[in-house]
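The structure appears below as structure tokens.
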Amino acid sequence: MAGVLVYVESDGERVAPISFELLAAARELAQSLGGDVEALVAAADTGPLVGELGAADTILEVTSPALAGYLPEAQQLVLVEAIRARKPAVVLVGYTSAGLDLAAGAATATGLPVVAYCTGLRAEGSDVVADSQLYGGKLVATTTTSTPAVFSVVAGSFAEANGHAGGRGERIVTAPPAGLAQLRSRVLGTTGAGGGAVDITKAERVVSVGRGIGGADNIELAEELATAMGAELGASRPVVDSGWLPKERQVGKSGMTVKPKLYLAVGISGAPEHLEGMHDAGLVIAINTDGDAPIFKVADYGTTCDLFDLLPAITALLKPAG
Amino acid sequence: MPEVEPERVHEDQRLVFEGMDISGGWNRMFEQRVIWQHDISALDRVTGIPGAESLGYCYQCGKCTPACPVDHVGDYSPRKVFRRTQVGADLLTSPDLWLCTTCGNCLRVCPKEVNMLQIMPAVRERAVAAGQVPAELQKAFENTFQYGNPMGEPARKRADWVAEAGAPVTILSRGPRPVDVLFFVECYWSYHPRGRDAARAFARTMATLGIDWGILGAEEKCSCDSQRAAGERGLFEMVAEQNIATLGRYQFQRLVTPDPHAYNSFRNEYPRLGGAYDVSHYTQFLAPLMAQLPWQRELPYRVTFHDPCYLGRHNGEYDAPREMIRQIPGLEFVEMFRCKENGYCCGGGGGGMWLDSFTGQHTQQRLSERRVREAVETGAEMLVVCCPYEVSRFEDAVKSTGNQGKLLVRDIIELVDEALH
Amino acid sequence: MHIAVILKQVPDLVEEVEVDSQGTDIDRDSVKWKLNEFDDHALEQAVLLKESSGAEVTAVALAADGVDQLLYAAVARGVDRAIRVTTASARTDAPAAAAALAGVLADMGVDLVLTGVQAVDDLHGQLAPILATRLGWPHVSVVSRVSLEGTEAEVTQEYSGGRMATLEVDLPAVLGVQAAPRPPRYVPISRLRQVMASAELGSAAAAAAAPALGSTVTRLAAPPQGQGAQMLEGRPEAVAEQIVALLRERGLVEA
């Protein structure tokens, strides 16, 4: 019983960024707890993925046609089998859709404790001390958990950069679990992003523009930034009233209520009617030339730079070079 | 659509009646005209709702149309509502159902006493029961149920404004004692930053006057008058019962509130639920005391005043706020063209406060925007109000009509406070 | 077709959430509770399925102070029955809830269990996968639409970045609902009060004991927090760099 097992997420072609964070966390834990960093990758064809997993000492590959497309039932079977076979001290799963399916499910199937919403992990003797964000981030719970145990880790908690190399990269091909022959669920199809009508209430990042943007022609500036960030455009009411952006993008009392992880308020003063629609946002950054604007009372970070200078500068930094 | 048959004519070739020969054209008679062949079940469905009967009284004189503030910015008046319903439109699913601000101006002029103040809440109640509520309004209802205020602010923060009042304020829930005046702060003065400015100015003025007063603090809940007008009678009754129980635990001589909507419900609705109080609007309470105030300076402003519908038309009080304005030293007062009984509506009543987008989609401009333009036309540099809804509405409208820098919006109590310091 | 929708109350984050004197749990007496917002969506999805397929829906919640109110609200929203489940343990974490509910649900003979995908206090994992694994049923979380075809459910599962998949799951199954296809409907308070005066809540006792957690909370505290915004100074290019660094640090944009 040793080592840290990382459940690797992918779309079948590329490893998801969260998995590199987990590999970085796993390396830190393995240094204290001892044992290897093991990466479990389950797909119809693991070929394109293993090359990206240089941070692992061993790469456990499970391939089967039944693993084409992400199916919670199939992935849980593979993860449970791997935990039983490898007996890791710690299992790390991302707090993503897959993490919501698998972490607690696999822990229950193997009788291990599970700790969710982790933003920090460290070893203490043979225990793991974890910090978890509870109550919408209003409180942090510190737990001590005896190993073996499963942890689901919030994205952005560990440096992805440390999760690309440094392992031995040995490949171990494992037979798929027998249960894959009797699945009770199937993938019918997948759709990519961008389909359907805009729904800013579900966006993880929102770039919201206010009257400070000055006119319809300038919306483009915010649009370019939003594209570079993978964000949706939001707006204060005057922007919608003026017809610079459509109604479904209005944030506030008489518009949408958004809860993104990032809310960038551009040229918005922060009237209470506007704040009503975004007070549950995670990180709030405000750009407003008026240092006394009420938006700065609710923002985490602020700047009084002119938006016309600042937006293009941020966009330029985010655009892939070349 | 109802089937319209061609007019049918009856004409007897030969007819002698009481000795008179009225054959042919002389006895020509027409059958009932087309109007009677319409299916009026849509109207019957509305007038069958208890409270909405009077819609059926309308005889299409059209007096209400120029009186209705919504028709000035859109296409809506009681006459139109009647006519559309009469020819088959379903009021329960029509946008018309949510446009009335229950301002009461139509009732003032209607010869038939078609009473939108009763019709609208009653019909809306049916729509609410059927789950047909505009989303913004639904949010306000849910917030009121969960937090006791339509904004969804924490109940515990209801009295937070007190901290920076610069004058002592007794919070009865923290230390009960008999007071002379129980001040019912209401939601917008409790939570809205501009409302809180007014609440603090009020607290300082009360201290200057040496009045023995207190507030309920976190125990106070929305009076719910506007939720009632917007069709949530059940919510109104539940919260009103809670407020009546809370008020019953404290000793006070009189109830004073800055909110004309709360004033209206305490005066006209709460007694039916067993809560009878000696209630006044804060202007009614303070106007007679103005002479006692130690004025420190003159305020050199040219001001105009907006009558709140629920203080004026609904409860007949036009003088108290004007008396206060008259006594503040230095002010020059001009009336707007539409004032007092014919005052224009800010658009916030009857649930309009929580239907901003909805109303926006069915009118050419907000009522508050039109009112701000009227205020600017008088040449006043300040629009003075005494309803908590209005500061937020008009300040927003000043910006959206491009009148920033030309017109300030102030509650009367803020001017009193300014002249005292 | 019998659907169970599992409801639970969570602290209302609009109000203050305080830590108790031991510093390891919230002060449960001062908390204001409300229905978990994801459970609210699960409830709406269940009622929509009832309306579209004629399924029978039972709302189920662990007994606790205030839970009756929540169950009455579910009846007013359109479920057929509401049941409060009593347990020997005072624990409400997901492993304890799953242990209590698994037996009760199996006895009820339900075909489909819907519950919220997560809750703000799910420190020890989410209910849907734990319950499903205990029952030996398949499960899907982060579901945003459910339809029923015979003995199967067709569901939409959402992933980050707006990607989605359609999955088919044999019943019985457990689904963790992220969002119903439409916002939860409004219940007029008059109807709620009627239901509270007339409806009867059912009850059931859980047989299973709560499992050990293997994990202890040693501290619960608010994260360090500044008042108002920290201002970023400098020329626009320098501020832009600071902002991008912040976003990368927090994994909000790709590095």
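Here are some notes:
Order of writing sets the chain letters: A, B and C. Residues in each chain are counted from 1.
The criterion applied here is as follows: a residue touches a chain if its C-beta (ideal position, glycine included) is under 8 Å from a C-beta of that chain, and two chains touch if they have at least 3 such contacts.
Note that this is a predicted model, so its numbers are computed, not measured.
Judged by the touch criterion defined above, the protein chains are all mutually in contact, each touching every other. Of all chains displayed, C has the C-alpha centre closest to the centre of the whole protein C-alpha set. Here the spacing of subunit A and subunit C, counted between their Cα centres, is 20 Å.
We define each chain's centre as the mean of its Cα atoms; on that basis subunit B and subunit C are separated by 39 Å.
Inter-chain centre distance (subunit A to subunit B, centres taken as mean C-alpha positions): 47 Å. Shown for subunit B are the residues that touch two or more other chains, namely 152. The residues of subunit B lying in touch with subunit A in their complex are 136, 139, 151-152, 191-193, 354-358, 360-361, 392, 396, 399-400. On the side of subunit B, the complex with subunit C involves touching residues 125, 128-129, 131, 133, 135, 138, 141-142, 145-147, 152-156, 232-235, 237-238.
Residues of subunit A that touch subunit C in their complex: 11, 17, 21, 69-73, 76, 96-98, 100-105, 107-109, 112-117, 129, 132-146, 149, 152, 155-157, 160-161, 183-195, 202, 204-205, 229-230, 261-262, 280, 283-286, 291, 296-306, 309-310, 313-314, 316-318.
Those residues of subunit C whose C-beta lies close enough to touch subunit A in the complex are 11, 13, 17, 19, 26, 94-95, 98, 117-118, 120-126, 129-130, 132-134, 137-142, 154, 157-170, 173, 176, 179, 213-223, 226, 228-233, 236-237, 239-241, 243-244, 246-247, 249-255.
Contacts from subunit C toward subunit B in the complex involve residues 12, 14-16, 32, 34, 183, 185-186, 188-193.
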